[in-house]
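Below is one structure. I have some questions about it.
Going in written order, the chains are labelled A, B, C, D, E and F, and every chain counts its residues from 1.
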Amino acid sequence: MSRTDQKKVNPEMLVEMIPFLRRYHKKVILIKYGGNAMVNDELKKQVIEDIVLMKYMGMYPVIIHGGGPEITSMLELIGKKSTFVEGLRVTDKETMIVSEMVLSGKIAKDLVARISSYGIKSIGLSGQDGGLIVAGQKNPELGYVGEIKTINSELINKLLSEDFIPVISSIGCDEDGNRYNINADEAAGKIAIELKAPVQIMLTNIEGVMKSQGDEMKVIPRMNVNEIDDYIEEGIITGGMIPKVKGCAESVKNGVERVYIIDGRKSHSLLSEIFSDLHEGTIIYQ
Amino acid sequence: MSRTDQKKVNPEMLVEMIPFLRRYHKKVILIKYGGNAMVNDELKKQVIEDIVLMKYMGMYPVIIHGGGPEITSMLELIGKKSTFVEGLRVTDKETMIVSEMVLSGKIAKDLVARISSYGIKSIGLSGQDGGLIVAGQKNPELGYVGEIKTINSELINKLLSEDFIPVISSIGCDEDGNRYNINADEAAGKIAIELKAPVQIMLTNIEGVMKSQGDEMKVIPRMNVNEIDDYIEEGIITGGMIPKVKGCAESVKNGVERVYIIDGRKSHSLLSEIFSDLHEGTIIYQ
Amino acid sequence: MSRTDQKKVNPEMLVEMIPFLRRYHKKVILIKYGGNAMVNDELKKQVIEDIVLMKYMGMYPVIIHGGGPEITSMLELIGKKSTFVEGLRVTDKETMIVSEMVLSGKIAKDLVARISSYGIKSIGLSGQDGGLIVAGQKNPELGYVGEIKTINSELINKLLSEDFIPVISSIGCDEDGNRYNINADEAAGKIAIELKAPVQIMLTNIEGVMKSQGDEMKVIPRMNVNEIDDYIEEGIITGGMIPKVKGCAESVKNGVERVYIIDGRKSHSLLSEIFSDLHEGTIIYQ
Amino acid sequence: MSRTDQKKVNPEMLVEMIPFLRRYHKKVILIKYGGNAMVNDELKKQVIEDIVLMKYMGMYPVIIHGGGPEITSMLELIGKKSTFVEGLRVTDKETMIVSEMVLSGKIAKDLVARISSYGIKSIGLSGQDGGLIVAGQKNPELGYVGEIKTINSELINKLLSEDFIPVISSIGCDEDGNRYNINADEAAGKIAIELKAPVQIMLTNIEGVMKSQGDEMKVIPRMNVNEIDDYIEEGIITGGMIPKVKGCAESVKNGVERVYIIDGRKSHSLLSEIFSDLHEGTIIYQ
Amino acid sequence: MSRTDQKKVNPEMLVEMIPFLRRYHKKVILIKYGGNAMVNDELKKQVIEDIVLMKYMGMYPVIIHGGGPEITSMLELIGKKSTFVEGLRVTDKETMIVSEMVLSGKIAKDLVARISSYGIKSIGLSGQDGGLIVAGQKNPELGYVGEIKTINSELINKLLSEDFIPVISSIGCDEDGNRYNINADEAAGKIAIELKAPVQIMLTNIEGVMKSQGDEMKVIPRMNVNEIDDYIEEGIITGGMIPKVKGCAESVKNGVERVYIIDGRKSHSLLSEIFSDLHEGTIIYQ
Amino acid sequence: MSRTDQKKVNPEMLVEMIPFLRRYHKKVILIKYGGNAMVNDELKKQVIEDIVLMKYMGMYPVIIHGGGPEITSMLELIGKKSTFVEGLRVTDKETMIVSEMVLSGKIAKDLVARISSYGIKSIGLSGQDGGLIVAGQKNPELGYVGEIKTINSELINKLLSEDFIPVISSIGCDEDGNRYNINADEAAGKIAIELKAPVQIMLTNIEGVMKSQGDEMKVIPRMNVNEIDDYIEEGIITGGMIPKVKGCAESVKNGVERVYIIDGRKSHSLLSEIFSDLHEGTIIYQ
């Protein structure tokens, strides 16, 4: 514990944090940690540090992670090609097994191990654990791609009350034990609603929801949930951003106070967002 | 729920089970489900049925599973060769990642999904989850092969009291978050001791501990823990069986009442062992 | 623990029981054990074995017992004659004392002792214990014959959560401490409703509700609660069976899912009914 | 609630009770209510009032009752003669059944009903209920006369914490479900010790332990537990009083602070003893 | 423990108390102990004895105290004069500090110490403790005179369940930490409602609510809450009694069953009121 | 919540705090806040901010406060002179009343109100509350100056588990309800030991324990508890510092891991001490 390069803390800065500590005291903070935001080891370390600090400072973070790029790498490694239908990967049995191995057996376990090394208890979970995510097939053509039927938050609430940080892989399970790939954005929203989390943070590889202003693209800092349809109609929100924003709106309509879409590629973006009113990404609110 | 081929139960047989139900009532039954005992899907289904029945009938089964053969297949699939030192696989970083994916991300999740499909809550765990298995490196030459330092049974006990069946992959984690392959027999014994389980069952691919009798090999039905050194000295127990039996003896010396070494390749061997005094494998007792 | 005549269990049969174990897991099973079904010691032993097995296998059995024939014997022994008004015994103070001694002091205590001898905690209760059955006089001409005013299930629920099997004598008590004989069928129904028991089993000395078919009488296997009035109107259900069936219907109308009327004179009829879809008696359902 | 003859309370007298209320606050008071002290209905009413007041005023009374005279009456009523060996009734199966009916089915239930009528929860218990009194045969010649092997106080403690007054019949039960008559003095002492009751009160039909002083007999007001052997040796304590006093001494030697032997034939003797230092019977103390 | 002048208790009188002990068993009794009722040390001792007895006898007393006369004395001692606006003391910062010192630092602490000396746990509380009384300024002209915004009874309920007698000073606190003098009658009523106390007792320096009858004034023994407006309109209730009675009516309209206005200058008036139907003051009821 | 001058937090600094957050996670931090350290309102505000931050960041601060200077002012205000014997104020009844009013009624309540305004629950306590500090007279000549007999930490532990910050005035109470002034350093040490607090912080008006080094005085940064006698013997620690340091040593000998003596006159000295290894005052350790 002897650290010669220790610098003194800045008490004034800590005092400025009091209103934020109070606002989030004992609140569930649902963090969706997208596969595309897992850029490099240093950034991953910072995300974990931010989440560990949130826990030490009295919040209840819950992580839902993605992992698309790593699944693709692993499939390539074993010489398996994917075909896509409308942007969704056709998932046969073997693809599903590889997906589950990568998400639950590699990414979630890695996040848990990193968190644990800071003295915070953590646990990796996926759909079948405690019946967490009950899912069904979305579309027979897509194979083991699922949609969520029910979220069973009992286990998570129990773990939160025991001071765990749950790390959830977005995999669902049906009553016969079949597993399905679930869109992690969708899982994040459904779980945030079920846990009555006031805050949902989408850690992505974009700066926020963007709109063109003159020649350049600028982040839309705040969007009322009721304006979203207008934004889409007017063509400001387009493409893959539409389902993401619609999902966030769904959370807000079901009790989540604010959804933050922030840039996980920036250093310590979580802490900056939580402990300041100078938000950099997009906030969707009621 | 309409099943036309339903046969009536045999009440007399159930009545004969009462003394066994009483003996194991609310007791922890630690089951080591070895990778070599996972012979085929039908047998795996029967093992799960047996464990589900044990839970429904008032016991607290805990599963520690292995998975050597599946790890080997996966390594082969990605074109990775293993070298061995004194029978132990040299485990570099990539081998460790593959091992963890197979054990935690495939085998454990599969067992959890199967159990869940019978209406029993289950959860997959490995060393980093709740600090369950704290381990350190065994031998620098072997890489990420670990030995257990401490077992933290708090999480398991909590889950048992919530009626979960924990499914544990034998992977340890050190304080910096590194993972290690742990011998599943060793993990089973250490966890049985920590949970104060009165019964530890080793589900293997042998009939029991064998000795030659005339021309043929016969199972040794019962071994007092104090006779084991004699058996080894006399050359009756040899080779790979020595560490296995010594591990079981360690459990018995530390409070486990009985360790059963039974043949997982036989149909419903768990149920037969638990609900009868006509044991088929080997019992090691105090 | 050495039993030389031990036979091996039949795992396939146990596996067939899983759906039933799941259906009744942690459910209250209200069993009315009628005095007329207490035919001989061997049958009584089997009933107790069945109930003990239900408890060991995860259900919460609750027993309400009768005892008319034994009360009659005891009254005869002390030379006391009973008069009847419309089938109900006129119950003076002395008759009431004898009834209570026989029900609470003999039959209930005997059932409790038998259950306890299998390692299951049990306790005998009657109306005054914990204010369980508050009753009032039914008809001044009948003396201490009572009707139920309220059931106070708090004590029973507490005992169930402590893994007791409650054995209840159908005796009510008013606020001044007077005791009344209560019809055990009525008590069974009221308690089943109050405990929100999904299953109520009437262990009687008949095969079920009967109807004539050609020359012979046959059991009506299933009766929807809405058909009962028709059966009565059409003269299929008659005499003393009318109030019994009406009482069962009352339970079903108030939340009990199914009432079984079965023949307690057959060996292990409880187990056969619970662990099979091949029912022998009559089921009344919603 | 309108009572015209209501007299005002005497506050000074209540204030004088404070030190006693403080001394016995939340303490278990074990009361042995002997069959010979159940003289008439008015006295029984007063004993119940005293016990109900003790409960309302913050103590935890527990009652062990006897009932010899009533058992004798009942046996006579059914024309059964008793033989005695050294003062103990030879108890065949039928005698045991009658004893249990009278003790558990009549006396205990009557006490419970009386207590309940004052708004206090009560419950009747005997040896088999919750395994309360495990007993074995004392002497084969005496039949079902038992001696206590173990007291299982768990159920009583649970009931006390739920504000019940337990009323216990001194009947023991062995592991096969056989019942035995137990001496109520012995049961009182053993249960007082097991419950760590600081006070044990023996409600008898004598004024206390007596000694001759000149021509008349006088109560010995206080006896140190160490003086008892001297009293016996000197012939001051004789006959049937010897085992009673020895039993009380046993309680004191095992943690009970004081045993009171008082005269249950006097009006409100319990209250007078508890709320005053002017004791009338005999106190045995450490 | 030796008290030679001990008199025997009067059991008949105690038996007469049973219906009252039953009526108030485990009930919250809210006692407003007005500053004007704190006449002398002997009377204060009696009030404490009464409250201690209520606690020992199974009720949950809660005390709200005043202290106007003592505040006036203290202000005079430091040479500070008060001005009044419509009967309310203008309270500047220094007056508020003195008020709080007297109420919380002297009177409450004295009551707590007295109660504790009888072996009952007690604790002094005011508005800021646990956010008990949130208040705001009533009228800027009056300075730190407050009105109640919310009562937070969580802390009191927790303390009651731990067998404390809370002693509450009627001081409110706003969200910035400013303290305000609160009318103790108003606080008593609001807290009684919040605690769902069935009984609220106003210990005052009057005999009750009075009306003239011929030449003399007589206590109105019982007032239905609906008659109060008539009494005021008819000029029977006048002056400072109007807000007091209206406040009591407010309690009754919000769930308090009965409010007693009694004379704290009489010896043991609390006990006399609680343990008798011969009330001396005024009862306001629904 | 809109603050235009909000500056962004410094994530790197927060990350540096992780080891300290981990070290003090859920630990009791006993803070003695001396009357002499209450220099001005701004410093008091900073102390409260530091304590509030400690609470929000997962520690359990407990405050023991002094108030000598304020007591002296108040006594002067009412024209009362103090005499001293060996540095201790002779405390007659009136002085005691004034002391209690100032400590419990002014200082403690002010600290509680300040803490509450940051959204943290707090409560003011002194010796009689829940029997917290049982004391007796130290020396008849000194009047109501007491010494601690026992600390009853049950109430504090209960409040800590409910997330309160207890603010304790160092006043003791004997069994008759008399109050005594207690030295706040002594109370801090005794309570730290009783609460098994690993850390005790003395917030004083000195820089730390000083020793002369050449011409100037320098803080002794660390003192092993075993060196203290040497320091005193060698004349390095002298005068009023001797009992203070001896008291701190007593804490360390009884389980407190470290006592910090720090300068409460410096801005945010608590935070600087807790979240850094660059200590400025003196640490006494085992």
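Assume a residue touches a chain if its C-beta (ideal position, glycine included) is under 8 Å from a C-beta of that chain, and two chains touch if they have at least 3 such contacts.
To keep track of the chains, here are their UniProt names: A, B, C, D, E, F = Acetylglutamate kinase.
Just so it is clear, the model here is predicted, and its values are computed rather than measured.
Distances between chain centres, each the mean of the C-alpha atoms, put E farthest from subunit B (Acetylglutamate kinase).
Comparing the CA-atom centres of all chains against that of subunit C (Acetylglutamate kinase), the greatest distance is found for F. Work out the mean CA point of subunit D (Acetylglutamate kinase) and of subunit F (Acetylglutamate kinase), and you get 55 Å between them. A separation of 35 Å divides the Cα centre of subunit C (Acetylglutamate kinase) from that of subunit D (Acetylglutamate kinase).
Shared interface positions of subunit B (Acetylglutamate kinase), defined as residues touching 2 or more other chains, are absent. Interchain contacts close the chains into one ring where each touches exactly two others, per the touch definition above.
Residues 77-78, 97, 100-106, 109, 112-114, 116-117, 121-126, 128-131, 155, 158, 162, 164, 173, 175-179 of subunit B (Acetylglutamate kinase) touch subunit A (Acetylglutamate kinase) in their complex. Within the complex formed with subunit C (Acetylglutamate kinase), the residues of subunit B (Acetylglutamate kinase) that make contact are 1-3, 6-19, 21-23, 25, 46, 49-50, 52-53, 56-58, 118-119, 267-268, 271-272, 275-278.
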